[in-house]
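The structures come next, written out as structure tokens.
Both complexes shown next keep chain A, but they swap its partner, so chain B is in the first and chain C is in the second.
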Partner chain A sequence: MTTKIKKTYYTEDERILRVWDIEDIKDLMGRRGFYVASDMRREELNDLWVNSPKYRKTASLGSNWGYYVGMDNISNYYVVKHIADRQKVLDAYCAAHPGVENRRENLGYGCMSFHPVGTPLVVLSGDGYTAKGNWYVAGQDSTWQPGGPAECRWINDRLAVDFVKENGQWKIWHLVISNDLQIVAGEDLNNKPTIPVPGTDPIENEFLAGNPTIKMQTHNPVMNWSDGYPFFLTPYFHFEDEISYGPEGHPNIDKYQEK
Partner chain B sequence: MKKHLTLSQRIHNAEGAQAAEYLHSSHSFLHGATHCWEEFGPLWSHSDDVSWGHGYGRWRGYKGVTWHMVSQYNWRGMSPYHEMYEKVPEIIWLKDFRSLSEVAMHTLGTDIVEVADDGKTARASFVTPGVVYSALQPNMKYKGGALWERYGSDFIYEDGEWKYLHEQVCPDIFGSFDVINAGADLYKNLVNPPPPRPEIPPEQLDDIVRDRRLTDPGPLHNNYNPVQTIQDTCPWPEPYVTMDNNNTYTKKL
Partner chain C sequence: MANNTRFTTEELVGRFEDRRDVKNLMGKYVVSILLKREPTMFETFWSKKDDICLGVNEGYYQGAAAIKDYYKTIDKYTVATRDLMVKLFPKETAGKTPEQLYGIGPFEDRSINNAVIEIAADGKTARGMWSVIGNVTDVTVRGPVSHWVCGTIAADLIRENDKWKIWHLLYLEDVKSPTGHNWSEGKNPYPELPEFAPLAAISLPQPNVKKVVRERYSVNRPFTKLPRIPEPYDTFAETFSYGI
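On to the complex of A and B.
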């Protein structure tokens, strides 16, 4: 068990470094929350994600509908597409409000994403080279809508993350943003279909519009957590694909590859 | 900084502080999936000193705690299975039915953790601005609510591992995402009380108390109410030397 943090084969120096590693990782994910709130996605990838060629190739960003694999693909979706989406909102906003200038600094006008992380659960590998973590987000997204106020959604996500140490610094290697719930604030839940009408989920539509590397249903929130993904953390000594939060660790990846 | 402790003791206590957070976060995720045995099997002490309490009372001893938090809670998680199977047969392909009833995700924040100078126990307070939701219910209606609670938790270092020892849950407010306004709703209930629940005959009430097998019947904490004083039923831990009746969330009888 990871609760058995004190292992006889660790020296006291190693033990306090392991304590410090876990604090560094929690700090890293706290920073990510602030980067998201500040819409600093390019900076997030540059500062918080893996940089070395070895890990850039296998880095992944997952959701309920698949994975973007490789930092270039992640960047094209997470940064380039996002900026294009923000530009469309700004174009519409400026058309409705001539006083607002249509320039880069105004991207995100009328929008807010706040995904605070809590419930930190971090497992450091026995060999100390990698770590895994779960967090829970009770957040919200607000996006300005042409002709009206912003549409505000409550967003509940479970974050499942793999970390690797690069040049002495912990970096995000695989990140799954597993959405459990997204409802428009004030929406009458009695009118919300329990099984969503295909093509009407805005988070799904946004994720798929970037053309993910792997399109597959990784988690179906209609079934609560009964589908078992993202799987729960268990202590481990050395990182292997089977326990990855990248696509290679999804229990249905073989079925996807057979297709 | 506890400079009166040796470096080795401080390292041990730093690990204990992280273990307290790890154990409570593990509880939150496993409880969210109704994976009760995965929590109470490996993460809890199995001694007679363990306790789990809620506003309505407390169970003492591993046998009583697991009766309530494993046997009863697992059944509750799976209980909608047969009714839902009639409506959504696809659920037969699910990996685990225990989460069918709902996801009660008690997110954690506002951590306060103290480890005893003797290194044998740790104590922690948390606040949860939690969420409880279920997309698939027998009535085919969506359910989503906010649940705010306070926690008081004690942990023990036992055979080289940190384990859960006591948990005191203090729920304050709960309401549906679409309409929640806890203070106003409760006030309206006071002004215009809803119809009372049918009175339970005394002999049945005795059965309920006996069936619940509570060791310490409550109330130990009351939900928020606009006409009650502020409660401090699970005060945060202060720095302490060793666990005793002044530094615990379950006093010895």
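On to the complex of A and C.
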């Protein structure tokens, strides 16, 4: 990384405002956790993500398998596709339960998402205009499926986020949800294949089905922990692309762009 | 998010300390459950206001008498569990006093994270919402049963004698399911055991305000949003309540 941290002196007023900036960012991610649990994805993008044209264009939602870049692409995957997936579940649910009306308000019957964030690490830039954060999620997803119990999975994710201030409010700019582990509830983790069979990871399949803007392996949690992505935070003064959690900051983005 | 520039430096320092104290209060609350401190939890944590309430999935314990009775019943169950453990494990419990053995048997970890905390601009009240994920092992009529627990805590707090106290508390579970099993099945796969039958004599009092506050997750639960997330506010009168 080339961005350098300068020794910076702050007044007492500036110091306490910087303290509160970090608290507000922690709250922002807590809010996001509750929005996810309430399936308020559209509201999440409206309320918690960037709104100005400059940042909307460069916003990104990443995973171990690539990035959606630009708020329109993020929305098409994170909201539109998700609603379509839930509609398929509802169609099947209503076919099995004729008393339940197939209407929008009934999306999510038999489903639950729980992705609370913990272990916060937040760094505010020296210039105060941006921030970066890491969190860990130990959560679960439950999805109704016909003919038996729901598909219930434990999910462990590492979150890496860039934030920018718009009109005095912190907003999510780049978010990487890097999955470390997922396992069906009740299964013995010791029995999971050491090397997953390609095409069988449901989280990977779901992410790729939306046709990400950039399709690349950003992190391999099976055999290459040392790639270190998303990288740990270090103090910084001014935001630059090379420290971004968007695709421009990935160490292999040049190799992807050469293709 | 609140507009922090409306506060003086000194106010911002005080509000940060308030936020820290609210976090500590809720941390102490859940650790008190782990340490089986029910005999003292009402006095330690709760406000003296008349309209205090503790909300659970099945309704509200409204008022001091109902909340005290809730903790008292848990204490009674803890004592009965201890006495049963002494009877079932005489060798392992030999040489220890009843006080030393209080709490033997159950394990209740309800770790909290994902906090959203708002301190009122007037500094008199606060509210917070947390996610709960943990492991709760109860000693039941089926013997000891370990459960995974997922849920939400939401609280209104009030400053009394310069200390934060709980005014209204919601503890809502989505999942409490035996470990090693799919939580959507909603089953307890373990049979009742005759040696644990004495525990059937004690059960939590029903909430004195009965209402389905939140259904636990099941394959047939309609999608259910969480309680409203705390928002910045100036005074309690202008915002919503987690009470009744």
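The working rule: the second predicted complex is superposed on the first by the 249 of 259 C-alpha atoms of A that agree within 3 Å, B and C clash if a C-alpha of one lies under 4 Å from a C-alpha of the other, contacts with A are read in each partner's own complex, and residues count from 1 in each chain.
Rule of thumb we're sticking to: a residue touches a chain if its C-beta (ideal position, glycine included) is under 8 Å from a C-beta of that chain, and two chains touch if they have at least 3 such contacts.
Computed from a prediction, not measured in an experiment: that's the story for all the values here.
In the superposed pair of complexes, A:C111 makes contact with chain C only, with no contact to chain B. Shared-chain residue A:V197: touches no atom of chain B or chain C. Legend: residue contacts after superposition of the two complexes on their common chain; A:E12 is shown touching both chain B and chain C. Of the two partner chains, chain C is the only one touched by A:G139; chain B is not. In the superposition on chain A, A:W225 makes contact with chain B only, not with chain C.
Of the two partner chains placed around the shared chain by superposition, chain C is the only one that A:A150 touches, whereas chain B remains out of contact.
By the document's definition of touching, of the two partners only chain C reaches A:G30; chain B does not. Shared contact residues of chain A with chain B and chain C: 12, 16, 19, 118, 138, 186. Residues of chain C touching chain A in their complex: 1-5, 9, 12-13, 15-16, 19, 113-117, 129, 131, 133, 150, 152, 174-175, 180-185, 217-223, 225-226, 229. Here chain B touches chain A in the complex through residues 7-8, 11-12, 14-15, 18-19, 21-23, 25-26, 28-30, 32-33, 35, 38, 42-43, 88, 91, 94-103, 105, 107-109, 129-131, 133-137, 140-144, 160-163, 176-178, going by the rule given at the top.
By the touch criterion given at the top, residues 1-6, 12, 15-16, 19, 22, 118-122, 134, 136, 138, 154, 156, 158, 180-181, 183, 186-190, 192-195, 221-228, 232 of chain A touch chain B in their complex.
The part of chain A that touches chain C in the complex is made up of residues 12-13, 16-17, 19-20, 23-24, 26-31, 33-35, 37-40, 97, 106-112, 114, 116-118, 138-140, 142, 144, 149-150, 152, 168-170, 184-186.
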